[in-house]
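In order of appearance the chains are A, B, C and D, and numbering begins at 1 in each one.
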Amino acid sequence: MKKLLNDPADAVADSLAGFALAHADLVRLSPAPVFVVRAGGAVTGKVGLVSGGGSGHEPLHAGFVGDGMLDAAVPGAVFTSPTPDQILPAVQAADGGAGVLTIVKNYTGDVLNFESAVELAVEEGIEVASVLVNDDVAVEDSLYTAGRRGVAGTVAVEKIAGAAADRGADLAGVTAVAERVIANVRSMGVALAAPRVPHVGRPSFDLADDEIEVGIGIHGEPGRRRVPAADADAVTEMLLTPVADDLALARGERVLLFVNGMGGTPLSELYVVYGRARRLLEERGVTVSRSLVGNYVTSLEMQGASVTVLRLDDELEALWDAPVNTAALRW
Amino acid sequence: MKKLLNDPADAVADSLAGFALAHADLVRLSPAPVFVVRAGGAVTGKVGLVSGGGSGHEPLHAGFVGDGMLDAAVPGAVFTSPTPDQILPAVQAADGGAGVLTIVKNYTGDVLNFESAVELAVEEGIEVASVLVNDDVAVEDSLYTAGRRGVAGTVAVEKIAGAAADRGADLAGVTAVAERVIANVRSMGVALAAPRVPHVGRPSFDLADDEIEVGIGIHGEPGRRRVPAADADAVTEMLLTPVADDLALARGERVLLFVNGMGGTPLSELYVVYGRARRLLEERGVTVSRSLVGNYVTSLEMQGASVTVLRLDDELEALWDAPVNTAALRW
Amino acid sequence: MALDADWAERWVRRTADAIADAKDELTELDRQIGDGDHGENLDRGFKAVVARLDDAAAEPEPAGERTVGDVLKLVATTLMSTVGGASGPLYGTAYLRAAKVSGRPQIDPPAVVAVLEAALEGVASRGKATVGEKTMVDAWHAAVEAAEAAAGDGGSEVDVLRAAAAAADTAATATIPLVATKGRASYLGERSAGHEDPGARSTALVLGAAMAAALSGPTPADPRSAA
Amino acid sequence: MALDADWAERWVRRTADAIADAKDELTELDRQIGDGDHGENLDRGFKAVVARLDDAAAEPEPAGERTVGDVLKLVATTLMSTVGGASGPLYGTAYLRAAKVSGRPQIDPPAVVAVLEAALEGVASRGKATVGEKTMVDAWHAAVEAAEAAAGDGGSEVDVLRAAAAAADTAATATIPLVATKGRASYLGERSAGHEDPGARSTALVLGAAMAAALSGPTPADPRSAA
């Protein structure tokens, strides 16, 4: 299996080393335990924002460390949650005295490891709040699942909570904004081809040349159902419809439409999906007032895309528009 | 062959339609003949910048239309130069009265079609200059080739010439800056897997699982040589060494190091390549003072990367740093 | 039997059919040593040409007799505005120059040779290529030499075109061992040897269609003849 | 023959070997209904455990006799800080709770049962999972029930562990038809049926190693015994 890597065991470390060198103006890398923190360290008096999760989703999360977004990011092994002994020092490094919000994608592993770290941080006297991102409508939030997964909607949570922290909101305020984003953001994804985890040496799942996986997560898990390959318009409808239905979007509402690439699909195709998703929203009487198209929450070189919709109001829109300066998101 | 597309014949049009909707604040799309122009149209008194080429290299070129970079971009069919009847109106739309510079990647098709269009534009009384980007050291610039190809270095030419135009340089001045970038930028690329052109239905070339193509272009052409797969450090050396040698970099010089993804390789791997390329430059006594890592000049979902080095001086560095606001490059 | 504008139109329509039939073959040749779009490029262009010919056929006959050059000029401008790539401007220039020397209702054997010479000169000057560089110039050049010889021997229009088509076909095959020094295939260096040049092959198809059009009279598929 | 800290160390080292051997199999199970990293995760963790045991073995013997709990605590903290994912905290908690009830140089059959009960309680409370949700809880639960029965029948340490290991193995296999309602496999819904749960399988390996370590005495591969 060909990859631009050295020893697969060093994949994450090598990549982070390059990342930190390329963006030394924005971030600093702690090599052991591994975490990434903004170049200047914690901002005194500002609520610190920390996120993290398995590697393989780049630019998430390290690519969002910087002004107006995260203060620290904690990357685990590929597709594997980081450990508490990485998360704890990242929380400490992000604490500017106003407390820290950890933004956790809802996966058992992420939840458990962050839980332990937060417990330890609180013991050390840091005020810590946590939010769980669970935007993936492919998974029902029921007794029969680990709950909905956190996927691309995480970008919106990190961006908007980051802007709120930048504006000087206190920990309760930043947490409330993050919760409001979580309550109003939904996603659904599709895979045309599986990613290949460096140390595994083969695709994470096997898809025939006329099949696609609908309702995939971002860890190479198979999706909810395997269906015959279809054209972009049809596939986009499979993604957008459950998202818009779950949000119960009403005519006249306005949204952020985010088409996210899974890593191995050309940007040009993401814009095809975007065009169709936008038309479908407009047919529902919904206005797309903000847009994001690109590879932000990836699954290595998985081919596919996800559609994320965030219901906007004046405050969320203003926070989305607020300046941000990170490796992967900047305006 | 699965892709997020509708009718392959509409791939470019569908994608551009989505692109123009997503970035309506930055660009406007002319549907027939097809070209993309900045939302406000030409800037009076500013030299206009126009580039173009085959589609399939997104975000190049349309993703670089906006403040501080291109005024118009002309996308052809996938991997096929646009026609003069697209280029001419784009040149007209970019003309703010101070003349237009066309930035052409050196491929026979691009050269011939731009040549015809420029001839027509000049006939219509527009002052037009042209530069040919030919940064790919994989191809010798000799009697026995069509000359070196233009590849990822194009981003640097467009960014820096765009900044010069923004600063108010006249057509001769902008052209001179662009030529200076071209004289000082070199690239080399590698492919691990070939792209799949929508209407072709199979990979552009066939690579065994233990082979890579070194010295590839961005149109799915095979490379200069096929070699056994190697690790990232070894591959990076195959790319960086000829680039640095061709530039004859001396100790104490400083450069922009740009690691460009071909579309289907995870960002994390690009940072591995970046880290190694940077170390190799530092071993030569060369300082990396500016960096860019990401998918900017792609070849659909080709897996692989290219390494670009631009020799910097105070002026080029300042122009690189100047503000830019486009869909794909923003600071 | 001199060749007229109807022949030119039959030529072009037959070319469109031949290119459509060979589309995948041409694309595969280009995939080997280029970027895999030559068949698609020409097919898009000639389909557009046919569409314009159909439009023209649907309109009232213009005053004045249609010349061979009228048809070829339509082909030239259509290819230039729809093909792109290297082959768009090259074929476009070929047909444009050919149109310039054929602005008459009928052309005789020496005029057929002049048409081919003009096309060759257009391609070679536009592409700055000479014989032996493994491009379409190789096929055009061989065609011109053979056509000149056939016309010199007093051959008919059909004889001239038959010689041209056969020579172009042979020349296309003869590009296989060559190392390309122009166009995209030149990037491959030595690796370009062993593959036929797609542009030389398409040139052979174009000239084969010219001969076939001269051999056949108007066909029912031709809207003008049906009118 | 009560089980001591050396037994615990042999247990852990044998577990590391068993996991290393089964790494690809565990990863493949996880690839089917999870994210394909379970083997890699545990292998990374247990390799780190062995490295720390080696470090400890190289150091001068600490004062006071080593307890079973000392070894299990080292396993717990090492897994927690090196495994990540869901299984890191779950196994980490299992060993931590087990360590808490085994802070003695020797443990007898009822104490072995208590160790297993504590581990089960740790996994179940941490993962908020109950029996039948197609997780490692299924294997731990079956092991505890079997161990309790064996101890109740007056079995030896080896009897207790043999019963636990056999039950865990059976329970792991019995996860195959289940639909997962916890962990990553639950995302698959009905599609999770038909595949064995990787965590239940690794639990069976862990308990198999415990029994094997009890059956065997100190081995030459064990640096402590070589010292």
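Observations, loosely collected:
Throughout what follows, contacts are C-beta pairs under 8 Å (C-beta built on N, C-alpha and C of every residue); 3 or more make two chains touch, one makes a residue touch a chain.
Everything quoted here is computed from the prediction, not taken from an experiment.
With contact taken as defined at the outset, subunit B and subunit D are each touched by A. The distance from the centre of subunit A to the centre of subunit D, with each centre set as the mean of the Cα atoms, comes to 33 Å.
In whole angstrom, the spacing between the mean C-alpha positions of subunit A and subunit C is 55.
Here the CA centre of subunit C is 76 Å from the CA centre of subunit D. Shared contact sites, meaning residues of subunit C that touch two or more other chains, are absent. Each chain pair that touches appears in this list: A-B, A-D, B-C.
Interface residues of subunit D, counted against subunit A in their complex, comprise 27, 31, 33-37, 40-41, 44, 80-90, 126-127, 179, 181-184, 186-189, 191. Subunit B meets subunit C in the complex at residues 33, 54, 76-85, 107-109, 112-113, 115-116, 138-139, 143-146, 149, 197, 199-200, 204-205, 217, 219-222, 224-225. Every residue of subunit A that touches subunit B in the complex is listed here, in rising order: 1-7, 11-12, 14-19, 21-23, 55-56, 58-59, 63, 192-193, 209-210, 212, 229, 231-233, 235-236, 263-276, 278, 288, 291, 293, 295, 298, 300-301, 303-305, 325, 330-331.
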